[in-house]
Amino acid sequence: MLVAILSLGAIGAVFGIILGFAGKKFAVAVDPRVEALLQIMPGANCGACGLPGCAAFAEAIVAGSVKPSDCAPGGATLYEQIAAIMGTEVSAYEERKVAQLLCQGGYGRTRMLYRYEGIKDCRAALANFKGPKACDFGCVMQGSCFKVCPFGAIEMGADGLPVIDYYRCTACNKCVVECPQQILKLIGVSHLVTVRCLNTEKGKDAKANCSVACIKCKICEKNCPEDAVHVVAAGEGSVAVIDVEKCTNCGICAAKCPTKSIDMISPLSEEVVLEIGTTPDAGCQACGVCKTE
Amino acid sequence: MQEYVIIIISAVLVNNIVLSQFLGICPFLGVSKKLSASLGMSGAVSFVLIIASFITWVLQTYLLTPLNITYLQTIAFILVIASLVQFVEIVIKKFSPPMYKALGIFLPLITTNCAVLGVAIINIQNEYSLGKVMVHSLSHAAGFTIALLLMSGIRERLEDADIPESMRGTPIALIVAALMSISFLGFSGLT
Amino acid sequence: MRDILKLGLFLLLVAGVAGAGLSYVNSLASPLIAQQILQNKLDSFKEVYPQSDRVVDETATYLTSPYDPVIKEVNVAYRGEELVGVIYAVETKGYSGPIALLAGFDIATARITTIKVLSQRETPGLGAKATENKFYDRYKDKEIALALEVTKTPPLKENQVQAITASTITTKAVTKGVNAAREHFIAHFAAAK
Amino acid sequence: MIPQKDLIVVTSAPHLHSPDNVPTAMRDVLIALTPALLAALYFFRLPALLVILVCVISAYAAEIVCLKIMKRESPTRESSAIITGLLLAFCLPPSLPLWMAVLGTLFAIVVAKHLFGGLGQNIFNPALIGRAFLLASFPVAMTNWTNPLDGLTTASPLGIMKEAGGEVLPPLGEIFLGSVSGSIGETSALALLLGGAYLLYRRQIDWRIPGTFLGTVFLLTAVIGGIKGEGLWYPVYHLCAGGLLLGAFFMATDWVTSPVTKLGRILFGIGCGLLVVLIRTKGGYPEGVAYSILLMNVVTPLLDRYTKARVFGRVKSHA
Amino acid sequence: MNLKNEFTKGIVRENPLFRLLLGMCPALAVTTSVNNGLGMGVAVTGVLLASNIVVSSMRKIIPPGVRIPAFIVIIATFVTITDMLMHAFTPALYTSLGIFIPLIVVNCIILGRAESFASRNTLLPSVIDALGMGIGFTLALVVVSAVREVLGAGTFFGLQLLPENIPALIMILPPGGFIALGCLLGLMNKFQKKTA
Amino acid sequence: MKRATFKGGIHLDGHKELTSNLPTVVAPVPDRVYIPLSQHIGAPCVPLVVAGDEVKKGQKIGMAKAFVSAPIHASVSGKVIGIEVMEHPGGSFVPCIIIENDHQETWAETVQPAADPAALTPEELCAILLEAGIVGQGGATFPTHVKYAPVEGKKIDTVILNGVECEPYLTADHRLMLERAERIVAGLGYMLRSISCTQGVIAIEENKMDAVAVMKKAVAGQPNLRVVVLKDKYPQGSEKQLIYACTGKELPVGELPLSVGVIVNNVGTAAAFADAVELGIPLIERYVTVSGPGICHPANYLVRIGTLFSELIKASGGCCGEVEKIIAGGPMMGNTVFSDELPVVKGTSGIVLLHKEPHRAQKEYPCVRCAKCIDACPAFLEPTSLARLAKRSAWEEAEKSDVMSCIECSSCVYACPAQIPLIQYIRRAKQAILAAKAR
């Protein structure tokens, strides 16, 4: 018995001391806050924050170079947790945004120049005469956005246009950056009325190519009670633009627009809007796989 | 001499530590997604495996057996391994940050890697001399490295494969391991 | 420094308590284990050579160098004071690992009594069939005049043993062990008769 | 005058493509396998026919079901599965219970191929996985050979060579023609050589793999034969006996599971050859072709990675 | 804290083997028969329970610097005790589990629970957690080994189910372990997807 | 004799017999020509005319402002009626000067033969190249004067004239060599003089032995010029492969031919150079092959720049069968266009109308790793790996795998049995890498 106690105790003590000693002697400071943050990060490593991953984000938070809300997938819960660890106040409430498509010119609505064959990549299609559509401003329909969405929020619809599942979208911005036509935009979920066309050609030309284009008729402008929508100069021409600050979501312009290039939708149901900021249920399942690599 | 050759062939090919002994499955599945990571992991495991084999053998031969307390084997060995791993981690972190970057995240995983303790115990069970212990543990380290590298080569290729949703990740890795293990059956009976 | 000592002390304490606990459990368990091992061994001896009332390990006497490394133990069976049989413990290399077995020899009849495989790592369903009584029976009561041979077909000659289907290697390994024991037996005991 | 606009296709160059496509390649392999198929039917008769039919049909059915379930399209109209079924049957003993053949085929198609994503994405040669699976599962049935001449159960030539016990090796001529016991499609060296030559002529396979594979086996066995004092018949015997030719021409060359680089293929062939000789002479089995190819399949991703060709112009700059 | 929840989570939702992918080595190595699988599961559960109890009751006095070594000593103690008891009382099981009994010490489940649960919770939840996790692990092992034993040996708990020549031996060989576990995990995933 | 060639590449069915034996036809001069402001690699031209201006044949109507650019000239005399954006054979939309032809064919005053061609200095020759708007006729339309602008410390020892014409269907260069051999040799002479280089090589594929004979006769008596016969293999005409076949030199990645002391030019470029020097005529017409299964009567034409495709197709008896693709250039490298209402430009070597290929399925299939693409690639790349990397947007890895060394010859796509448009993935990767670099 004694032998056992002594020898095992000795082994224990020796290693305890060595470890204690080594820990002291060779200590390298790691900010415990980084580790704590890593525990709570969504772990999608989606890069929406502009950094190479959640670990980098955690370090950047501690370094103060980013703010909690830069992690779009995180949502309000995460911002609170980060604030708790960092001992700061939650920054001003930010509205949840979703990616929306500013083009309605699917098959059958927009004139096509040719039949495109080749890889499903919008930039590749654009290399041939600015894409198969006669309109140079619209969606090229090859689904580059669909391919980059890390949360599976985009699907390609039957009319060739991407359809965004607003409930799944985390506003990570990836598709917005990817789209070569720059017709995806993050829009706050409380903005219900949107001009879904960026065609700046003359009304006549726009109309010749697409049945749902903004034709610069200014009917919206004339009818808006809040003076919130205007046909403004853009590119080499002009297009209708809504001032979100002034817009009251009355929907008159959408109703009056002769081509229906303005529409009114509520992307998320009211209950969800009320819970603004909660992480969408799909996407990151916090499986932690990303953390091990 | 021949005995050594047999030990080597047996440990590396016939009774490959991962594919037929089922030791060290966790890192084999967990850290085989990228070739670079698996290089790091196999480096770390090999390092700890060989040193631990040496220390545990010394411990057994000069302490546990003479004092007739071999029943303390498990606890003594695991203490050695755990401390060794932690010690190595601390030291590398201090003296070679690049190496720590490469190996660091794998080191803590090794404590609970049964390959290390398993080989240490097998060494004793087989009543190997120190020379054989070293050859044996080296061969197992090599066997582990080979299995891990092959696995990660395959998994890198699978990155582009159209694997059914529910089989992605660990399930397909296990299937790959199964098929690798079937292939390694070809070595069985090798003398 | 105090911290370090504290850590060491704490581990010493925990490890010491663990050591104490373990040695206590060990003191309870080890006789049980020892007895269990012994009982096992005796049971095996009984199976291989039932007609004895005392088996003595006389390895040291009979296994003087140089000897066949296959043979691990020489256990001599006595009935009363009479030396009636020998139980060899042998170990050979099978298909996927060592095979340890007992082989019993009867002095009076100059035959193998039977064998018993103690441990093996052969393939379940194949080589592992070597642990079945059916297989032991293939060695039962074989004469020791000629060395045993393995065949794949039902034996035609007295000194032939039929291999387990698709496990010739295992059978050969077992037979090799038995043959080694046989030689030793002939050299040391058959003369004694 | 110009056809209607929406008929015009705009796409990237090139606008011409080789008439060679995946279905034609698969057809070529099937054509190349025909001599061996005829030889198998001639020597082993009904049992072989049954095993072949069962394997091919179940492979085809499994392929279709898998494609349906996983919502995949196949460019080969399932003929790659027929090849898998046929090749698997070719490396089974004619006496194998049919249900085992079905099981092996299912394992090959479902586990070794479709779990990995289907055609082109599998790591392991499906037919060989099927065989290895069966060998490990039913070793008794899988090592039960009948001699086609007398219908008696005998060891295969390589088995006799390995065991060196009693039975006499059949003469080289029989081995070449195929009237010996062995797997269904492996016995006739002549038929396999014909098929291999056809594939080489059609450029469906690269000479490097069969060339280095057979060359390595020949060299090594010649050396071993020399040491044993056996003479030239020994390496030739090793080339013609067992599944070596079948493996070297039809299985090691499987596009999907062999390296894509030229150097990689050479190393692949050499590796296969080394392993075959190792297993045949030192291993637990009389035959090692299947395992050697499978083991090299495992190494293929690494071979591809480390044997990339030097890109044209990656030379020392003159500037 | 909902005790029932703590208990059930280990069985399905956070099943250590199927969901957390912990303890893969024993799950592959000893599952050649249900007997072994069950024995291993019970042994692990025992060690888990004992170590959770001790860790939880000592959690206030263990200095953080040697937390891991201390846990390991505690676990190793119980493993050694288990080892001795099995050797003495279940010799057959002891031989067939072999080296995997001492290796329970490095089973990530046990250290993992000690670290992430017992060292942060009081005694009762820790006991419940250990039981849940242990039973979950045991069940998983039984499932894997049942698949392997039935398909590979044609028996269940040693009872002959299939005729002699039917079972595919490979299932009780090393590849069979990987195949069984891989397919089970795949099925779990598919099932999970449907219900989610 | 074993023909010189390069490693890799593919054997194509040339279909050249459709047009190779027919003498070139002078195409009807259209009533209107459409002259794009950009017909070359580099900066577009600045127009020198406005709607309503009268222009003469050969008059400069667009000016090159940048160094890598080339002026454009009126190909007919008449009146400018406007500048409009039009479809361009290169796959884009480009502003074009539209000239109403008065059919007077009055030459501009600037079109003057050089007084004494033999006395021109290298600088003067280079100036003529620029003024005449000569760009590469081999397809890349690289402004030729840039190639001949002296570079400090670089010595050119060989000028290779590219008469390979490895594209199927096209025979314009072939006919040019048969019909205007002495112009080509004269042009080569000026090229050599303008950089004081001695060696001239005319490279021709073995499938044009008649052209070889004619060219050999044309260079007879000039020991510094030789005709090299090359193996019939695609893409033998590609610059790097051609240099390797003719000189054994491997052009290092990312470097220009001049780093190995070579300039490569198309035979048409040389002929145009001779015309510019000796007659003062700028580049206003070129040889164009109109061929393919979709053309009723394939032929070669001498065409004014700015002529619409539709006029040439009409001249060839119109389309036959169900045309699926209209290609500007050859079927391996050329661009598909979506209508025939677009002009011939300086780089238009051919117009090919194709039917649907019967053995092509609609879909791209997974790669079966047959490595046929790898064996075909003359740049020794792994197209399948590059495509795979591009598919998952691994641009950096693609760059490390030398994707930028792809010469876009499309051999890999031709060879691929799985019908993968590898080249599109590769271009996509190149595009992304360049975009990242630009940022």
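Should a chain be cited, it is by its letter among A, B, C, D, E and F, assigned in written order, with residues numbered from 1 in that chain.
The criterion applied here is as follows: a contact is a pair of C-beta atoms (placed from the backbone, for glycine too) under 8 Å apart; a residue touches a chain by one contact, two chains touch by 3 or more.
Every value quoted in this text rests on a predicted model; they were computed, and no experiment measured them.
Contacts with chain A and chain E are shared by B, C, D. Looking at which of C-E and D-F shares more C-beta pairs in contact, the answer is the pair D-F. The chain with its Cα centre farthest from the Cα centre of chain F is C. Of all chains, the one whose Cα centroid sits at the greatest distance from that of chain A is C. Chain A and chain C, compared by their mean Cα positions, are separated by 71 Å. Spacing of chain D relative to chain E, judged by their CA centroids, is 41 angstrom. Look at where the CA atoms of chain B average out and do the same for chain D: the two points lie 34 Å apart.
Our note on geometry: chain A versus chain B, Cα centroid distance of 43 Å, whole angstroms. Counting only residues that touch two or more partner chains, chain C has 3, 6-7, 10-11, 14-15, 18-19, 22-23, 26, 30, 95, 126, 169. In chain E, 65-66, 69, 73, 76-77, 80, 84, 169-170, 173, 175, 179, 186 are the positions where the chain touches two or more neighbouring chains simultaneously. Among the residues of chain D, those in touch with two or more other chains are 5, 7-12, 111, 115, 117-118, 121, 133, 136, 139-140, 284.
Touching chain pairs in this entry, ordered by label, are A-B, A-C, A-D, A-E, A-F, B-C, B-D, B-E, B-F, C-D, C-E, D-E, D-F. Against chain D, the residues of chain C that register as touching in their complex are 95, 126, 165-166, 168-169.
Those residues of chain D that touch chain C in the shared complex are 139-140, 143, 163, 284.
Residue ranges of chain C in contact with chain E, taken from their complex: 3, 6-7, 10-11, 14-15, 18, 21-22, 25-26, 29-30, 32-33, 36, 40, 119, 123-126. Across the complex, chain A is touched by residues 65-66, 69, 73 of chain E. Interface of chain A with chain D (complex): residues 112-118, 124, 127-129, 132.
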